[in-house]
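Presented below is the structure to which this report refers.
To keep things simple, chains are lettered A, B, C and D as they appear, and every chain counts its residues starting from 1.
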Amino acid sequence: MNAPERFFLPDTQSETDPRNLPIQRVGVKGLRYPMRVVNAAGDDIATIGTFSMTVGLPGDQKGTHMSRFVELLEALPPRLRLEDFAALEAAMRKRLGADSGRLDVAFPYFIRKSAPVSGVASLLDYDARVIVEGKHEHSQRTQLHLTIAATSLCPCSKNISEYGAHNQRSHLTVRVETAGLQLEALAALVEAQASCEVFGLLKRPDEKYVTERAYDNPKFVEDLVRDIALALAAHPQIGHYHVTAENFESIHNHSAFAELWSEPAPNEGI
Amino acid sequence: MNAPERFFLPDTQSETDPRNLPIQRVGVKGLRYPMRVVNAAGDDIATIGTFSMTVGLPGDQKGTHMSRFVELLEALPPRLRLEDFAALEAAMRKRLGADSGRLDVAFPYFIRKSAPVSGVASLLDYDARVIVEGKHEHSQRTQLHLTIAATSLCPCSKNISEYGAHNQRSHLTVRVETAGLQLEALAALVEAQASCEVFGLLKRPDEKYVTERAYDNPKFVEDLVRDIALALAAHPQIGHYHVTAENFESIHNHSAFAELWSEPAPNEGI
Amino acid sequence: MNAPERFFLPDTQSETDPRNLPIQRVGVKGLRYPMRVVNAAGDDIATIGTFSMTVGLPGDQKGTHMSRFVELLEALPPRLRLEDFAALEAAMRKRLGADSGRLDVAFPYFIRKSAPVSGVASLLDYDARVIVEGKHEHSQRTQLHLTIAATSLCPCSKNISEYGAHNQRSHLTVRVETAGLQLEALAALVEAQASCEVFGLLKRPDEKYVTERAYDNPKFVEDLVRDIALALAAHPQIGHYHVTAENFESIHNHSAFAELWSEPAPNEGI
Amino acid sequence: MNAPERFFLPDTQSETDPRNLPIQRVGVKGLRYPMRVVNAAGDDIATIGTFSMTVGLPGDQKGTHMSRFVELLEALPPRLRLEDFAALEAAMRKRLGADSGRLDVAFPYFIRKSAPVSGVASLLDYDARVIVEGKHEHSQRTQLHLTIAATSLCPCSKNISEYGAHNQRSHLTVRVETAGLQLEALAALVEAQASCEVFGLLKRPDEKYVTERAYDNPKFVEDLVRDIALALAAHPQIGHYHVTAENFESIHNHSAFAELWSEPAPNEGI
């Protein structure tokens, strides 16, 4: 830091703002940082976080100090647990002198799975997102988002056809408020409700298994969100939840889609 | 329609569902349809809508009838006014026999603008989105989203530098509940608050003008959302609003971002 | 145009460049313009072109005149046939005083199709792209790209399983050099080689048909590109071709992919 | 592996194909895998590779064995150097019994940079891509792609305006054939030719510096590709090169774009 020079450069952001209009969220967006996330087994997963970091700004302050958000990322520990994001949000609010803060980090996540018959192991990719919102000193809420690829097979197509049934890749998303739930557990809960789960690596005996498993287990998008919702509602570590299912239909060029949430109404943030 | 065959094919969707879990939204997503939207001057704008169409499903019904959503699109009038989307949502609820519905259509929009000095005209592209939510017979709300590209010039950079100031393209987004407001009026209201508006076509005298105009009019993302919020709040046709400003910083590879809304808290939908 | 002022503003682009390094392509990119494209039946399809327009720049010229590309778009006729893009490329080369030019326009395209049993009609969306390259006065080549969604059903899965077979949406792309071929004919040629074609709107008898049709007609990505290549090679209006097939596998979260071209080797451009 | 069962499941892919049409590339696409890449200083960078892995298929073989590609990824060493990708391509050709192969891996990359005045360090993100093509036993070519964000400031705007100059974020891309060149060296070579380089973290004295540096160093897209081309041509470790510059213009909603390559003509692949 070139300290002396700082004294001579005006700090425009710290000026008083005459409009007196508080801003709910201001900060940085779209910032990519490499990180290693610790998985349920205690191993590191190399990934990249895309960060949005914002704080509330009082009505009489002209601007926030954008560089401080990046300084906080630079000080991240080399290995991160999900609870470290809550600590980062608290540190952010303190460093920015703010009453409220919101940390939103999206990152691909990887889980090692074993093929159902051969047992060969491979990684499968998921899209995870952690949102931490803090207000004042003692209140903080954490929301976990996970997008899971899966197979869906159409009950109507199976019922009306003499053989076969159209099936396709689906994206199942869940948003939950939780403390302590692992991504692996959340993924497994959701995958158990699909027509069949998907894998990175399948040998022929596995391919036979997943083909027949999906045919034995047809589900509409409606079935998918209902079954996932029931599983989430029954889980002791999960409070409010929000579920979507999107089938990239193999017989159309658009998706079938369903969305179900525990009341109150959903909110993209928290 | 092959009518006789319909009698022999089971209607899986109409079965009774034992889980008794209502679904807030089910339907189609990601459906692209060409359309011509009538602009403020009464002319047609050729564009493409990306439609999500969903209805609420009672707890005891297994599934909705997906093909009916597409039939509704097929019956759209060739030229559409914004109010036609409200009629489409109402027709959708009726056709699907549903108590609630949600129509979400995103489309590029184009406005002819005149360069500030030379007066040469060209089209500028915007991203518009209309969301109509209906419940029961008489309640319907329409939300208009518009993303506007603009120039932002950094007040801090101007203040601390002997010459020049970093500037960049920004995306300004507004979400408003409104009846009767034209996209042209909404775009103009927002563009007036930027450091400078952008154009498809500029000649050299215009380029001189916009360069100097932006330099004379520096704004942080904080200034942008505040000034737009004040303009929206003062507009007689606009109720609740939500504003964001994202500067694709020319000195970083990430964005500066601000978000401000009239209470109550925002919601991606309505 | 503010003519007098033009005399006093320096034209930096027209200066002599000392580096003497010709530039193969310079111009504008990512420009969205609404357009109506005339289909095979003579009807208008509303769509949006995303334009890249570039010309060659001699080694001794500092820069091109970017605003002229936009002026050319402003002068486009309201209804466009594919051959109008060749005229636009020629006009561009002339207007920019260039020896070579390249027009690249990508646009969603829509074809009305009839469901196979019920006969109900609906639009299906495709992604088209036209690239015109011109050199000197008399040489101009046009390349047509089309991306077609289709159903693929896995022969291996069908062979090894007692019932069912995994299937999924595929994207089939073709790039051809052609004169006079309609997009409708190109789409139909490709769709005939898929396990089954897809539709916007299907009733239950249609869904039964497409399910059974795909099961009767299993294809690997290898089969898809070979069968499409043979059909293209046999077509009298098609010269060199390039084909890809990407299956968004319903049992994985990645794609199976194949690419086949008539020699010489492929080139993203021409 | 469930070995006995393998004997009873037909191997459809290994059947003889009657069409006798060789396929240039077949394999997997869009496969995400976490990886740690070793940087110039010998440290690990956590990132995610998006892999396309393909081989040539003889005309008489029905299909390739898709699961083997994923097995190869599963066997990757935990830390990768750029040269390991060449070994992976060779292993892939061998494992698939193929005469030709192509490995294409795209991944975000991060370089720690020091701010120009304060010296504070931060990571900057880049988009890297390595393509290795092999044919027969002894021939292998490696191509390195790098996308670098930078600041560009318009010479015309500066020349014609009494104060200020529009500037914006640019994406500069280079594709080079090279042996042994580090990504850090390639990035530095390119950044030195921009109006100014960009940084993750800047303090006010740095912001003053980069603002004035860009104003002192105006460049068109034409200047950017020429200056980068000259620097690449002078580098002893670089053979053929391909350069693009795209300015996300702050006064338009489209890009200015230039593309320059050493002959022969470019090819998206190699």
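Everything below uses one rule, namely that a residue touches a chain if its C-beta (ideal position, glycine included) is under 8 Å from a C-beta of that chain, and two chains touch if they have at least 3 such contacts.
Keep in mind it's a predicted model, so treat the numbers as computed, not measured.
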Where the centre means the average of the CA atoms, what chain is farthest from subunit A?
-> C
Quick check: more C-beta contact pairs in A-C or B-C?
-> A-C
Identify, among A-B, B-D or A-D, the interface equivalent of C-D, where equivalent means over half of the contact pairs coincide by residue number.
-> A-B
With chain centres taken as the means of their Cα atoms, state the distance from subunit A to subunit B in Å.
-> 24
Provide the C-alpha centroid distance between subunit A and subunit C, rounded to the nearest whole angstrom.
-> 34
Measure off the straight-line distance from the CA centroid of subunit B to the CA centroid of subunit C, and report it in whole Å.
-> 27
Per-residue overlap in subunit D, given as positions that touch at least 2 other chains | 9, 31-32, 125, 156, 160, 200, 202, 204, 208, 254
State the interface residues of subunit C toward subunit B in the complex, per the touch definition above.
-> 1-2, 5-6, 9, 11, 31-36, 45-48, 67, 70-71, 74, 108, 110, 117-123, 125, 200-205, 208
Name, in rising order, each residue of subunit B that touches subunit A in their complex.
-> 9-10, 12-13, 17, 19, 21, 23-32, 52, 54, 57, 62-64, 66, 155-156, 159-160, 220-223, 225-227, 229-230, 246, 253-261, 265-269
Interface with subunit B, subunit D side, in the complex: residues 124-125, 149, 151-153, 156-157, 160-169, 196, 198-200, 202, 204, 207-208, 210-212, 214-215, 248-254
